[in-house]
Amino acid sequence: MVRAGRSLQQLRPISITRHFIKHPEGAVLVEFGDTRVICTASIEESVPPFLRGKGTGWVTAEYSMLPRATHTRSSREAAKGKQSGRTLEIQRLIGRSLRAVTDMAKLGERTIYLDCDVIQADGGTRTASITGAYVALVDAISSLLAQGKIAESPLKEAVAAVSVGIVDGQALLDLDYQEDSSAEVDMNFVMTSSGRFVEVQGTAEAEPFTLEQMDAMRNLAMTGINQLFTHQQEALSR
Amino acid sequence: MVRAGRSLQQLRPISITRHFIKHPEGAVLVEFGDTRVICTASIEESVPPFLRGKGTGWVTAEYSMLPRATHTRSSREAAKGKQSGRTLEIQRLIGRSLRAVTDMAKLGERTIYLDCDVIQADGGTRTASITGAYVALVDAISSLLAQGKIAESPLKEAVAAVSVGIVDGQALLDLDYQEDSSAEVDMNFVMTSSGRFVEVQGTAEAEPFTLEQMDAMRNLAMTGINQLFTHQQEALSR
Amino acid sequence: MVRAGRSLQQLRPISITRHFIKHPEGAVLVEFGDTRVICTASIEESVPPFLRGKGTGWVTAEYSMLPRATHTRSSREAAKGKQSGRTLEIQRLIGRSLRAVTDMAKLGERTIYLDCDVIQADGGTRTASITGAYVALVDAISSLLAQGKIAESPLKEAVAAVSVGIVDGQALLDLDYQEDSSAEVDMNFVMTSSGRFVEVQGTAEAEPFTLEQMDAMRNLAMTGINQLFTHQQEALSR
Amino acid sequence: MVRAGRSLQQLRPISITRHFIKHPEGAVLVEFGDTRVICTASIEESVPPFLRGKGTGWVTAEYSMLPRATHTRSSREAAKGKQSGRTLEIQRLIGRSLRAVTDMAKLGERTIYLDCDVIQADGGTRTASITGAYVALVDAISSLLAQGKIAESPLKEAVAAVSVGIVDGQALLDLDYQEDSSAEVDMNFVMTSSGRFVEVQGTAEAEPFTLEQMDAMRNLAMTGINQLFTHQQEALSR
Amino acid sequence: MVRAGRSLQQLRPISITRHFIKHPEGAVLVEFGDTRVICTASIEESVPPFLRGKGTGWVTAEYSMLPRATHTRSSREAAKGKQSGRTLEIQRLIGRSLRAVTDMAKLGERTIYLDCDVIQADGGTRTASITGAYVALVDAISSLLAQGKIAESPLKEAVAAVSVGIVDGQALLDLDYQEDSSAEVDMNFVMTSSGRFVEVQGTAEAEPFTLEQMDAMRNLAMTGINQLFTHQQEALSR
Amino acid sequence: MVRAGRSLQQLRPISITRHFIKHPEGAVLVEFGDTRVICTASIEESVPPFLRGKGTGWVTAEYSMLPRATHTRSSREAAKGKQSGRTLEIQRLIGRSLRAVTDMAKLGERTIYLDCDVIQADGGTRTASITGAYVALVDAISSLLAQGKIAESPLKEAVAAVSVGIVDGQALLDLDYQEDSSAEVDMNFVMTSSGRFVEVQGTAEAEPFTLEQMDAMRNLAMTGINQLFTHQQEALSR
């Protein structure tokens, strides 16, 4: 297996553009190769019922794809009247990932919504979403600090995510759509900047995988995520 | 009433970017000032049940706004499980407008979906959607012609749309969000390049309007739409 | 084009029967030819959440057709579990039209529901609904005045509506179903008794229309609506 | 307990008006006192999937109340997006009752929809619906016979229904809304003109009832239903 | 007609197992032959909105079947997104039946949910549910008494239910699925231990039934329900 | 941390009862301690549309919990009208796990539905479901073989699943509800009898986890799953 333009251990070109949309407190366009996701962070001065009066905040995510983000048009979930299991699964993952690096007591009794809307899909939309949503979250937190609404950042460390897989028996980093379609195994890793794991999800699409394969994928993911932290830092320092 | 940077009879800066997304047969980013809409055209080789076997095609539209396209976040229709009356009304309008310039027999037994997704809203999202969707539709038709699937373009003429209104008693062209919020009357005109009307919608938001006001708004709209046809042509000639 | 029993500029026989149903505060059977609509006005001593505590009222409308109001049975929206785009569009139009003549501060913190249920459809159901709902609204307001709940009528003027269209190139007033089905253009005008416009909606069903055609239709509509005001007054004086 | 204008063993004034609406094959306005229901019968030349190709027909019913058929406005089921348990229960009952007197083989592979829409409710809406729907069904069957679509009527006998109850310990026939609200027991009987039972439904609203009370109610119901058969016959002979 | 293993007047083997599940306040597995239903009673210290602040309680029921409780798999209502008319009808019946023997004032401002989940269906699931739910309700009430939350039992008497029918012209007690499928008439009786009726529901599936048949069925039901009271008492005394 | 009755590396008592329900082709009650799940396998002689005519089969799963399977009653998904994200996520996991060991070509053009209904929940419901569903699947396959519908078993190997977690810094096997509630990390492993992985899901509930912790959990899971294979074999040999 040979990849056009990059080695098996390489990420696609990564781009993180802040302030892509004018209204939200955080608004990022994140690109992993041809995968492009708009990640916005919106602050609301209230919390869900189960948290009211407890003095702690909440971070939650919603995910969607434009109908024609994909090769063939998929029908619009709002028109069908329900979100698919895949959508719910991904947005739950994004929400958990960002909550893992946020101190809810320091956030105070408010909610931050992270909306990840895929405008072009080419594999890895959930990992790009997590990576971009973190940057949008930092910007939203900065606006709270600037307004004096919170005294101290509730962010404990950075979080980023990448997909890895086994294609033709070989471990690959950051699969695009075509690679993903022919992968025997597909894993997603979500890690924090202290080198720890927040989420690990591995699925044998065709054939169960061995301990050795899992370790090879995990090593690749750790390398890739470290590079994503650098991209996030560069975007945030601009 | 004085407008920053433009006269009462002027459009906002208009921008039409083709090929904004890679997968769709037509993919346009249309901007009316700060209003930004992704309009894609997707071809499907089938028609709705009521047209099957009749040899004629169909053009239909779907419309949505990203939750944070607006000043404050609005909840996601897919999550709520139904589209609002406003959404249905707008997408029906877009569909009718584009069907008005398409010869369904020449299109053949296929459907073109026009998806208009507002990524940033600042007034006039439905008129920007119609104006941009026309360009996406031209590109989709061109791909059908290039593939030899149709021999002749089913497009009869161009279509574009603009909003007009009465603010502080004066007629204004192409209202932005703030103007729209304080307008006494809001009208939308959809016209074809032969100078004829496809849709006219006027609503008194605060106070009923007079015949003279309607005529003043109509005149403004006719001027503005002519300029939009020029923008469409320039985009298509690039 | 020749019409059976009336000229192109004539309304169908109009009938407005008050107190058609015993429970509602206002209950009108309105007939435009064979189109028959039950319009009821119901008072509730509360307002929607967005108005609570502001001291102002609300007027809203709901619209429906009995399954067999039409030539062929259409399926029941309650059974399908959602209202069609057409239904939502019409009931939003009715609500806006009646709100345009009501002073919400004078109404006080209460809601008036206008339910328009078409029991027999033969074209012009939305214009008949608006015309009849106004009379039901007057009766409901009278009951509030009679009970001393409000001191002064919140109604600023009367409102009525009519459809016009172009059939075989000629402008027609108050189209029945068959005329509507073959119309090239279909417009609905909603006006107040001071001769001003509340809503204007024009749609080219087959062919875009010219400025001259729009003006011809508008003139017809203005004449027809004036006659509807007379019918409303006669019904209210009985 | 004394009743205004009728004895405890008397029906309310019954009225059955045929051809109340022009489009349906059968269209009846049935009135049991102040309860008024429009019952239409619509023929469709197809059957539900589970009957296709079997050569037999189907009779089914749908039931609804206008929002303001009642003292206080109830919210519209189409707007809520689902039919209540009460609605489903009643329309299932109406369907079963009319199917009980129809020979499905003689009906042939077609469906008759019975739509019962209550425009004014004052108790006994389900029994009025059944009684009126039978007359609408006869008219629809007659149109099939007249068109030569069927050679012989599939109707085996007539069907009608009445409510009975216990109020203040006494058995009452044909309860109005106020009586129904204070009834200890509420029973509905559906019978055929051969004096047999199709449906029996009894519910203790406040206190369980005895065998003797059940028998007293049953006797009253049998008398009342016989009178309803006469009303149906008279309406059909006009 | 001859029955395997029992006479026409006999119940199937009845079994009532308490404490079948560990969490609920009442948890019964009830078996009528091969029909097996888990009935749980759950106490919630709140009441529905229409009862708040009135000092009285509420008893309500929900009913469901596992998809494969039946011979062929039926689709899951949660997946279809709505409960069928049959489900709603049955759970309303169960709720009414149990409320009939409960003094809501003595229960205090709390709700008892009775969940009846059929894990194996062989006819009579609604009557088994009522019979088992009563035992679960007694256990839940006992826990309230034991905790001192109420001083006195709100249960006025016992309630149980059985089905009867006409098969081949003969009256049968407690029909299993196969008998039910071929029954000409199907009746369900719900009675209290004082020998009074709470609910009576009879349906002619094929042919209307006579007064004599109704009486024969009623007699059978009264005998069968008396035996069910004994089974309930035995279970509660263990 | 000390566990009552078992070491940190021990499974809870495991019980697998076949033929628990009479209708389904496979019907298993699986118990992991106090967690009890009914797993049924139902064969349908058709496949979803995307597979029609391809000669291959499908295996899919649905998951649900009885409302009172848990400490406090949770509302019924059928009544709410939609399945939660958690439910969809779990049933997708079960389906993928069982498909991973099934040769769809050998299964032929038919679908096997695996319904996992939790009647009592005490942690690990998804892993118990997968482990039990495999046994139900084997029984369903056996019935196909016995009827000669397939010549050869499509099952490639066994599949089972277990949860592991970190509580108070220590790795634990097979967490019950209370342990799961206080776990810092929660992982689920799905493996095949050849010692390979089908699914790996790890979530940091409170604190991100290290590579060493992941390896400790993985080792525990591998040991536990091997014991589950023994339990499955024993159940199948009875």
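The letters A, B, C, D, E and F name the chains in turn, as written, and every chain counts its residues from 1.
Keep in mind that, in the parts below, a residue touches a chain if its C-beta (ideal position, glycine included) is under 8 Å from a C-beta of that chain, and two chains touch if they have at least 3 such contacts.
Bear in mind the structure is a predicted one, so any value in this text is a computation, not a measurement.
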| item | value |
| --- | --- |
| Co-neighbours of subunit E and subunit B - touch as defined | none |
| For subunit D, the least number of touch steps when starting out from subunit B | 2 |
| Farthest chain (mean CA position) relative to subunit A | D |
| Distance from subunit F to subunit A - Cα centre to Cα centre, in angstrom | 28 |
| Between subunit F and subunit E, distance of the C-alpha-averaged centres to the nearest whole Å | 33 |
| Whole-Å gap separating subunit C and subunit F, where each centre is the average of the chain's CA atoms | 59 |
| Computed distance of Cα centres, subunit F from subunit B, in Å | 50 |
| Where subunit E touches two or more other chains at once, by residue number | 81-82 |
| Ring topology as an ordered chain list, initiated at subunit C and continued via subunit D | C, D, E, F, A, B |
| In the complex with subunit E, residue positions of subunit D that touch it | 82, 85, 88-89, 91-92, 96, 100, 187, 191-192, 194-204, 207-211, 214, 218 |
| Residue ranges of subunit C in contact with subunit D within the complex | 21-24, 27, 34, 38, 40, 42, 44, 62, 64, 66-73, 76-79, 81-83, 87, 113, 115, 117, 119-120 |
